[in-house]
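Please find the structures below.
In the two complexes below, chain A is the common chain; its partner is chain B in one and chain C in the other.
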Partner chain A sequence: MRNLWTMLTATRGKTRLHWTDWVSYGYLIMGIFLMFGPVLWLVLSSFKTEAALERFPPTLLPYTQQTVAVEGYDDPLPLFKMTAGEYEGRTLAQLRRVGLQAQMIDPAKPDERLRVSINDREPLEEIYLATENYTSLFERFNFLRFFWNSTFITVTATALMLLVNSMAAFALSKYEFRGRTAVLLIVIGTLMIPQTVVLVPLFLVVTELGMFNSLWGVIIPGAATPTGVFLLRQYMITIPDEILDAARMDRASEWKIFWRIIVPLSAPAIAVLAILAIMWRWNDFLWPLIVLTRSENFTLQLALNSFQGELQTDWSSLLAMTVLTLLPIATVFMFLQKYIATGIASTGGK
Partner chain B sequence: MARIQLKNVKKSYGPVDVIKGIDLDIQHGEFCVFVGPSGCGKSTLLRMISGLEGITDGDIIIGDDVVNDVPAAERELAMVFQSYALYPHMTVRQNLTFGLENINTPKAEIDKKVAEVAKMLQIDQLLNRRPKDLSGGQRQRVAIGRAVVREPRVFLFDEPLSNLDAELRVDMRGEIADLHQRLGNTMIYVTHDQVEAMTMADKIAVLRAGEVEQFGAPLDLYNYPCNKFVAGFIGSPKMNFLEGRIDDQNRNQLNLDTGEAITLPEGKFSQQASAAVTLGIRPAHLVLADQGIAVSVQGVEQLGGEAYVFGTLKNGQKITLHSPGQTAIARGDTLFVRAPLDNIHLFDSETTRSLLTRTE
Partner chain C sequence: MLQILTPLMRIIEIPMLALQRRLGVNKLAWVFLMPNLVLFGLFAFLPVLLNVAYSMTGGDNVLLGDRPYVGGRNFGLLAECDNFLDPNSCREDKFWRAIWNTSWFVTLQVGIMVGFSLLTAIILNRDIRARGFFRSVFFFPVLLSPVVVALIWKWILQRHGVLNAFLDWTGIGGYNWLVDAQWAFAWSVFISVWAHMGFYTLILLAGLQAIPRDVYEAALMDRASPWRTFRRITLPLLSPTLLVVLVLSLIKGVQTFDEVYAFTGGGPGTATTFIIQYIYEEGFAGAPRLFGLAAAASLVVAGVLVLLTLVQLWANRKNVDA
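And now, the complex of A and B:
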């Protein structure tokens, strides 16, 4: 904690701030604002009521108008503070509004009806967290179903991808065979083909294989990625061949060498690839949108999309679900980010 | 029994012949050293015996089995690598047990064997550490332990000491020799250091450019090198070579290029009249004399217990003298040396083969 504080308040100037301190802190604060501003805005907005969301000018914090329950009226009445005119300083509840005039009452004396100009009053507001945005996700929509679909696709696809890619990378980095370079070049060459180009043929293949509208139709086409194969291969090349030879002398089968030697030693690179795969799969939109058309198969990203209609958008639900969608990936990233840094740094070769 | 026979073993990478037909017969229990300059194919030959490298032609026979097509894992050999090649992600204990687990040894037996080997190699304190926390010498012990624990038929060592510092190397040399005494297995040891070869081996195979130049006991190689290469490679410092020519009339007179003449003993060498020959004499065998071959001293290395004198002959050839104890000779002096006839070697200058007529 102390170290963190020392780091956060480090300056170049000893007694007063050097001009570089101003520049660097200014730059860093701007960075924080650019990075976290939209996220913070999103989180705060997800707690706003539909009315507060549509207000202009928008407020940063989620406000809602204070209300009061008055005897004789079914609904709670909104409260206003009078700023001018006859009743200046008093707090009144509104019965109804007619043009520029409003009928109001004093909650203490509900029988007396007062007519005031709407320019003479200001709404009384309080901070209010509209948690119903979140609870309605579970009540009105099948949030858990979407969440499960997304999780299943992400976990299975990542596991499958790591397995396939690391096995391919092992073969391409540690076995001498005719055409090895050609295979590698073909694998890397596929990087040059944009996904959109193969979208239609891929869709036809998936449909022919009967995986349309199935989660496996999303999982299997992405099981092998050229980036993953290349990344892991480059890392595995740095593992000395002598270690594999030693394992062979120790009577280990090639399969065992893969599991007991290659995989543990490539852990940093595999971790990097796992994070990239998780983020990619979790946020993937286009391919699931094409393959999954029935709402019970929707992933979170597709569900989010469905909130956005042609005529109307359910902003409060959309924002709340966006926050919930962000949380798992942010958590994963927070715990694994040190592997990204060390992994990427060490995959460049040592 | 683990006798190893190589019969006309060859290896080529494309058009390049790396091993050009090697015949060797290593008896059970022998400590055999492959020695040679770097690039001579000694490590490749070892890897071919281990099975990590295939052979192009010939036969490798271990015990009674031709193992040409048997994969490394099934040859029941163990190898110690130059870089130790310990599994970096496993503890010392796991390094030792990995091979035993692969052959499904019962847990109790594994524990017993590991404890035994760890004690023998004095690594029992290190069992829970990882290789990166060990010193070079300790890693070397673990690497040897990993080989020993599996009780293989044959041990193969691929320059195991070259990454250690000089002092540790001498210690480990002794320990490996001890290990051989204790276990009695056949061992093949590859090195480029002829001192290691001389001190440890029962048999030395001197390799050059993919061929065995000479195979025999260390002192045999030292005393009766079969050609100039072996003569120069075995022994430290290197043997001195003096170029000369046999006299046209007198077959027993050798006229050195520096002008001196030496009378060769009758019958010891099979020299032809007027042939170009090379006289070989080890630095330790040169004797100071009042007259003889003139040497102008270029430098002196005093080691306390002994001294080396480096000089040049009249024709510019370099020559080294060994003198026991400390010497008063200094740079710039001119000396005369004599080559005692018992200790001289004679080589054909063209074929480089020894002209000695062996009689024993």
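And now, the complex of A and C:
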């Protein structure tokens, strides 16, 4: 503990912390609380039983009331600890509650029925992870279907986007041809046309191509992105032309040069773009909302949104589903956060 | 992993080689560009043209050929207002409410978010321990999907949620936040700032780190106060990055839809209905589906975005040249 404190308070070169350092660390620690806290609360809540979720004020950890199986009763009976009255200190099981009174029995002597006031007792609780919140998703909803739809869209769209964008970036960085500037301007031009402002005509185009209510209607329209082309082009420009010339001397075809030389050498930039694409596609909402209207085509995001309307009170399923939706992205983030950060900083977003 | 694709690439090589022989090496560039350009054409440029056509037609048929030409009537409908400052006096009051809501939202959200991002970036740029960790703490919510962000906060803010429990405990007392128009709006701004500020913090931090250290050392020699150093050195040298951040967040702010739609559904009433939601509801969610009106409203948004994007490209020109 002492060592930890020395480590935390030690500064490079300076002997002790200035008051501004204290303010800075205070701000950052508040940041941890505010940024991680809500997500942590969601995860903790998703393991609570329906009864624990309704409790107010809520408990931090998921608790459930202990029960006991008593001979002669089909269902397990809830256990209470008596805090006052005649039976103080004893642990009793409740048979039924009538108003402010409850009929209880001692699990050891099930024949004798005791009458107690409900104010004299406290429920006996234990920590319990309600994993049935998660398992019921697979039984009650078409959860695997939504998960598959999201995964299929994300994987296919990312692969397609990487291929199409890197081909275009290759042409724009390694060939001298008439009209190159014009093409670059066209690519910049598409920056000004976000999906949100062409929803109606895009819907017509997609419908006419027979992709309405098809996963391809979500995959294909977003496959060409100006961000991707620029990101890859900036990287490919730095690859020396001599390598290409050497390959041409060896009679390699242009496609082979692209596939065998340019793509492997651009791997860092392609990886960054791949991460961004996975993130965009997994989290995509508005366009899938318009194209996919049948529930068997829903992505996880759409399913989550439509269920929050239908299951207003069924928070236990909703919370579990939210956790499963953020899990893949959170995992990717944990392993690749450094690349994500540099990727986003270098592209300036979408 | 790439080995899996090798057979596929071999197959593509056959037609590409044939094309290379016919066209020559330089013209092959167009072949490489083709898939991308076709996609841009079909899903970006063609829709822009179609959007103009749609905005001048009426009815609820999606096929353009079956839609009656109405000229500027859709725009007239949107602009039919006694007093532009008061949505109640407008024929299409929902449109104007959405416009005003969006304007207020963008002003507040961008202002607060850029302020906090700048503060966070400056603190992260100090000589602190575990910078990488703290940076990812603030960046983490950027990765969450809008629906997840909305549900996380809905769960916290619900009547029997943890925030109300805390407020009860302190004696202030809880509140049914999302039923109150003003609070729903305020919380929408909050969750939007929460979800996106990490992204702008990252860009600003990169900008701060690009400022040479010796400038600060010189300021220290001259015994400049921290505030003066900030005003006279940090802010001017950071202003290009700050401009990029400002314009980028404006562009995204105008298009806010997902998280607020999942959070409040645009309500209570129309308190948090923004312009993209208006377009979505006119064109896709309601009956009859007023594609013409939605397209006309899209053009209004597109105009604003084109302006902002031009400013962005101008602000970014140094980065593009480099």
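One rule holds in what follows: the second predicted complex is superposed on the first by the 287 of 350 C-alpha atoms of A that agree within 3 Å, B and C clash if a C-alpha of one lies under 4 Å from a C-alpha of the other, contacts with A are read in each partner's own complex, and residues count from 1 in each chain.
Definition applied: a residue touches a chain if its C-beta (ideal position, glycine included) is under 8 Å from a C-beta of that chain, and two chains touch if they have at least 3 such contacts.
Computed from a predicted model, the values in this text were never measured in an experiment.
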item: Which of chain B and chain C A:V183 touches, first, second, both or neither; value: second
item: Chain B versus chain C as contact partner of A:A252, first or second or both or neither; value: first
item: First (chain B), second (chain C), both or neither touched by A:I220; value: second
item: Which of chain B and chain C A:E242 touches, first, second, both or neither; value: first
item: Which of chain B and chain C A:I261 touches, first, second, both or neither; value: first
item: Which of chain B and chain C A:F203 touches, first, second, both or neither; value: second
item: Of chain B and chain C, the chain that contacts the larger number of chain A residues; value: C
item: A:W41 touches, of chain B and chain C: first, second, both or neither?; value: second
item: Chain B versus chain C as contact partner of A:W282, first or second or both or neither; value: second
item: Residues on chain A lying within both footprints (that of chain B and that of chain C); value: 248, 253, 256, 264
item: List of chain A residues in touch with chain B within their complex; value: 240, 242-243, 245-253, 256, 260-261, 264-265, 267
item: Parts of chain A lying in touch with chain C, wherever the complex brings them together; value: 7-8, 11-12, 14, 20-21, 24-25, 27-28, 31-32, 34-36, 38-39, 41-42, 45, 54, 56-58, 163-165, 167-168, 170-172, 175-177, 180, 183, 186-194, 196-205, 207, 220-224, 229, 248, 253-256, 258-259, 263-264, 279, 282-283, 285-286, 289-290, 301, 304-305, 308-309, 315, 318-319, 322, 325-326, 329-330, 332-333, 337-338, 340-341, 344-345, 348-349
item: Chain A partner contacts - residues on chain B that touch it in the complex; value: 47, 50, 52, 71-74, 77-79, 81-83, 85-89, 98-99, 102-103, 146, 150
item: For the chain C and chain A complex, residues of the former touching the latter; value: 2, 9, 12-13, 16-17, 20, 25-30, 32-33, 35-37, 39-40, 42-51, 53-54, 62-64, 119-120, 123-124, 126-129, 132, 134-148, 151-156, 160-162, 164-165, 168-169, 194, 198-199, 202-203, 205-206, 226, 244, 248, 252, 255, 257-258, 262, 265, 276, 279-280, 283-284, 291, 294-295, 298-299, 301-302, 305-306, 309-310, 313, 316
